[in-house]
Amino acid sequence: MISARMRRRTAALAVLVLLSLALSGCWDRVELADLDLVSGVAFDAVPNGGFRITASIVLPQNLTGAGGAGGAGGGGGGPAEAVVSATGATIGEAIAALGQGLPGHIFWGHTRVILIGEGLARRGVQPVLDFFLRSPETRLATDLLVVRGEAGPLLQLSPPFRVPGTDVLYEHLRRQREPRAFIYEVAQSIRTASGATLIPEVHVGPPAPGGSPGGGGSGGATAPPTLVFCGTGVLQRGRLTGWLNETQMRGAMWLLGTTRRATVELNSPRGTVTVAVDKVHIHRRAVRLAGGVPAVRIRIAAEGMVGEVDRGKVPLQDPQYLIQLSNILAASIRGEADAALAAARSEDVDFLQFGRLVAADQPALWNPVHSTWRQIFPTLRVVITVLAHVRYVGNLVRLS
Amino acid sequence: METDLRRAVRELTERLHQLAALELNALWLLCDKLPLGAEPGRRDIFSVLLRRSSDLVEFDLPPAGGRIAHAYFLSSMTDTQVLNQGIVGGISPHHPAGAVAELHAPPTYGDAIRDVLSGCVLLLVEGIPGGLAVAARGYPKRGLQPPVLETVVRGPHEAFNEDLQTNISLLRRRLRDPRLVFEPLTLGRFSRTEVRLGYVEGLADPRIVSEARRRLAAMATTAAVDSNYIEESITDDPYTIFPQIDFTERPDVVVVGLTEGRFTILVDGANDALIAPVTFWSFMQAADDYYQNYYAGTFLRLLRYAFLTIALTMPALYIALTTFHQQMIPTSLLLSLMRNNVGVPFPALVEALIMEITLEILREAGLHLPQKLGTSLSVVGALVIGEAVVSSGLVSWPVVAVVAITAIANFAIPRWTMALAIRFLRFGEMLAAAMFGLPGILVVTTAIVVHLVDLRSFGVPYLFPVAPLDPARLQDTFARMPHWTPQRRPRLLAPAWRGRSGRRARKPEPTGAPGSNPRSTWRARA
Amino acid sequence: MRGTGPDMIGAVAVFVLFWVWERRNLAGWSTGERAAFWAAWAVTLAWSIAVEAHLRVPTLPGMTDHLFLPLAHALLRQHPDVYW
Amino acid sequence: MSPHAASGPEATDPSALTPLQIGVSTMAMIGVTAVAGLPTLLTAYAGQEGWISALIAVPAGLVPLVLLYDLDRRQPGLTLVQHARRALGPIGGLLLSLPLLMLLSSTTPLGAHQQADIVGMEALRRTPTVVVVGLFLLVPLYAARQGREVLARLTTLSVAVAIGALLLIGATSLRSVRGENLQPVFALGWVPLLQGAAPAAAWYAETAVLGLLLPFRATERRAAWAAAAAGLVIVGLQVSLVTAWDLSIFGPLADQMVFALFQVTRVSNLAEFLTHMDSILIIAWVAGEMARMGLWLYCLCLAFSQWLGLRDYRPLTLPVAAAVAIGACTWFQNASQFNAWVMRVWPFWGLALGIGSPLLVWLAVVLRGTGAGRRQARPAAGSARAACAGPGRT
């Protein structure tokens, strides 16, 4: 005996559910099948001011991987990625053009590496940053790289090591050989007074001698070209203004405080030794000198272990020799730091973020000078002190 | 040759029998309230009313004290051994010397007949008003067997059976205290089921017990066959899917409940006892927790809460993450999901629904198949259907894995009624996930929480120690406190009693002279 | 942010349905109370229909901008420049 | 039961709030939107010292609480609207409680709009706005209809979830925090700090709305008000911490981020595995938002029903919810208009109404000398915990 109240209540509920079905629908639904995952993207400048986008789209059916004994047909076969490219007057247009060529919905959620061609870098990376910061799909901790020459072709060569191809770039950056540049950090640097930052550089190197590395289907008699990382690009207000070579780059990392580990080749009087520096502590501070002049003091403490003895009888058992080695290490670090400082001064670009340091630590000094910082920077006094210790010699004292 | 009088009486009885055959129901309603006096025709009324019961036995007792006594009883309901020894051996209505069971005098015909029907022997002595009902129940009942639903690794293996008296004895043996009260009730117009409202005076909150009494009395049902009939009729909110009264087969669980101030309802003919008022958290507690080490107990209980969330939201999360928030899934995992998903025609929701419904069918079939076929069904279900569905490209592997994990998680919920509720709410979550992704899931989950917060079980808020936050009692919800901690009465259940049992345990003092430095004596002895 | 997609009428229709359900709760209300209650309903429905018909409907920013913007220009900074 | 008149809307819902529930309600009603909207404004005005102005503004939220405390001391157990009616009679009371109603009826749709903005842009971009607003109004409507007790319990749970999720996000984004973005401290002088404090003060002044929750306290007045003040201080700390967190990660970009808290989740990654954690924030957001919208709907309907003199606020919940939905959808055409309005007009609008509404009623009560003498004989102070109500549902 269902009460009248209950009958009316269920009727109303039923109508409500029906109505809500009318309202419903899956607007934002994107099935896995029609998802085109962009694992890496490259932007190049097109002569008339437009953009060319080259994106490497993951092809799920060709992915090798555990499980999947079911319908996927065991994977293998074709390459794991398809590389497509399109051009357009603006980034939005270029992406729209890219989309026409693809079956499904372009998805930027898993893009791990963004490559910028040299031409576009010189013109300005701001439009690329704007797109990636504004869209809710993308990740802010995506790595930015600048490529000497054209960025597009670099994506074409997909070394058959790891799947997908851009993993090689991503893993290399993770080991932090170079000053890693996330897009939100680069964007930040544009708005700060010093306005400059460093971006890791990569370019297509000569093919590796001998057989092709690793098996896999990319095959062909000649070995595929390899990726070479050397030095970094310098961005001033989002525009590429110059390059730093290896030593200048390492020096810049010492001065910026982003070095995690380094291997340094030391020529001591008794032979050449490579020291692996693994404990690093860098303290940067802006100080106020007499007469209200700002200065920057950087203290670098590095500790390492003898990695390898290359040539010569090196008396590692002699404590004095190790102290001498430490001094040589300190000198070499100092040399790299001076090289970076000289590069900054010669190119008149504050990519060592001293402007930001002075603004943070000595606001009183910073306010009057911040508009004319570009002029003051070359004459800024920078005091660098390096404390280096070679603490261990590893498991072997001397071989010969 | 019959005398005219006896023939007249026989004809009258015959006509009465014919009349009765037609209108047993009307006659019964007529006689129900008729007071039982000493009128001579009463024997005929009884024989007419009980004539249809084939197992009726009617005989005359040997005259004791000069009067003929007639006895009526149902052979199927009485214990012949009690009969021979107690009643036939020499009983008389005035001084029931040898009676072994309780005696009472049914006031009306209705009561007399009901006593006969429930296993008593009715004695009618010529010329003496009223009758005498001697209880001699002896119907066959199942022996005590281990519980089916709530098996434990360590702990008593005794479970209730269908006989009310056995169940009460099981409880009495564990709570030897005069304050353990069983209030008798009979429910159901036809079934006249014996029901007992059991509680411990002083521990149970009088207001809650009186409310239970009121609801039981107000219940109107034709036949209270099982405790579930009663459970559904006396709950606070009849429209909710969540159980508000717990049922258990284990007498020790009932005893623990009674000492916490809850009441229990025993129903004759049902092999479980109802326990109320209960909260959401008591459905996540299993008997096992209390018989194992409290660290294990606590860990298992926390694991159960994790499985509860998995059982409720895992398929929905899979749908939401793969179709709405792909950037949430780590890259490597997403790639393998995509690889497995190549060539699967259905959207994620349909895949999940296919697998969920297949699973529900398998589970339901498994329940209703005779034991021997059950095992073979699970083999067929798991392997063949799972394998076939995936290899034919209907469903991708991850969905099968997700649905399997969800099904197992659902079994981890100890109380069957809560597991049922969660099983059906899962579909609501999946629909919401398919429409609005993660926000959809959270809207549905919050709606469930609002509903739970609003529920009460006999006045006690459903999420008691958490929703109206009471930190002191929070401990026993998520962790199994050791037995030696001072038990704190669940405040809402029984305000009167302060502490229940146990005091802080201490390591045993090393032997040796009292007061001397234990360290020294320890060494001395070694 | 005009109601795009299923228009406002659809949403209000759902609430009208609830209204049918709600009448039962007004048992025992005095006429004054009922009048006030229906007035509230009327305002909501009128507002939703006006919005649907794209009439000029008063909005919060519309009502408050001219009052408080002068104050804001005077006291609060308009566009913050770069500090670092 | 609570010591107030049996007639009027609260007769139908005699349940009372424990101090914890009051504190948690304050955090839900003010904290949820503040944590999302304020950081951008604070950094826009006060640069890298935005987190300081978040703390400076906290006293502005205590002013309405003090006024309500004194009102309750004079006439215990009355909501703000009833105070107004008691002081100036039915007609005068209507006008006197108008500011409170304006505050309620303008802030609730604002909250709904901000909610729809965030979830609409971050997760459900192609779902029509009406559906998103409606989706997040259904459960609060259901909760508000169930009454105060259910709302308080829901708030306890959802605020706990919200705080847990915020802590999780903080932990995962710890690696990208850089202290030097917060320096220099106290370098900009007082003017930017006070300008930054203005929108924060307007947000905190929403405690005036507690005038509709505090009278239903289960314990004595001091504990209830202390809990409300504690809730407000926690909200202040929360906003300050979140702003400092945004600043330390994004530095000069912080004031250009529309929803800074969401950008933090786009930066955070957990051992390169769980990278895009924004769904954790959506969980916190939706959980906190449900409780917030439920409480705001409840206060709006209660005030409106007392204002109209109705006996029960429940029937009003539907038209009011519909109005809130329409307001949320149509008041602002685009996100920048909403941002500009909140940056410029909201500080004055919120502050004026937030402090004005209790102030006017307080003045009226003081001037009229509270009818039956100043020290009214108070009925039984506090009441046995009402949540353990007798059996059966209230």
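Read from first to last, the chains carry the letters A, B, C and D; within each, the first residue is number 1.
Operating definition for what follows: a residue touches a chain if its C-beta (ideal position, glycine included) is under 8 Å from a C-beta of that chain, and two chains touch if they have at least 3 such contacts.
If you're wondering where the values come from, they're calculated on a predicted model, not measured in any experiment.
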| item | value |
| --- | --- |
| Geometric centre: closest chain by C-alpha means | D |
| Contact-richer chain pair [C-D vs A-B] | C-D |
| Chain of greatest Cα-centre distance to chain B | A |
| Cα-centroid distance, chain C relative to chain D, in whole angstrom | 19 |
| CA centroid of chain B to CA centroid of chain C, Å | 53 |
| Approximate Å spacing (C-alpha centroids) for the pair chain A, chain B | 65 |
| Chain centre separation in whole Å, for chain C relative to chain A (CA means) | 49 |
| Overlap residues in chain D, where contacts from two or more other chains coincide | 123-124, 127-128, 131, 134, 181, 251-252, 275-276, 278 |
| Multi-chain contact sites of chain B, meaning residues that touch two or more partners | 324, 327, 331, 436-437 |
| Where chain A touches two or more other chains, by residue | 23-24, 28, 109, 139, 191-192, 356, 359-360 |
| For the chain B and chain D complex, residues of the former touching the latter | 207-208, 211, 236-237, 321, 324-325, 327-328, 330-331, 436-440, 442-443, 446-447, 449-450, 453-454, 456, 458-461, 463, 466-469, 491-492 |
| Residues of chain A touching chain D in the complex | 23-24, 27-28, 109, 136, 138-141, 174, 182, 184, 187-188, 191-192, 356-357, 359-364, 366 |
| Partner chain B, residues of chain A touching it in the complex | 6, 24-26, 28-33, 35, 37, 39, 58, 60-61, 63, 65-68, 70-72, 75, 107, 109-110, 112, 137, 139, 163-164 |
| Interfacial residue positions of chain D with respect to chain C in the complex | 44-45, 47-48, 106, 109-110, 113, 116, 127-131, 134, 181, 188, 192, 195, 198, 251-252, 255, 304, 308-312, 314-316, 318-323, 325-327, 329-334, 337, 341, 343-345, 347-349 |
| List of chain D residues in touch with chain B within their complex | 18, 20, 119, 123-124, 127, 135-136, 138-139, 142-143, 146, 150, 153-154, 156-158, 273-279, 282-283, 286-287, 290, 385, 387-393 |
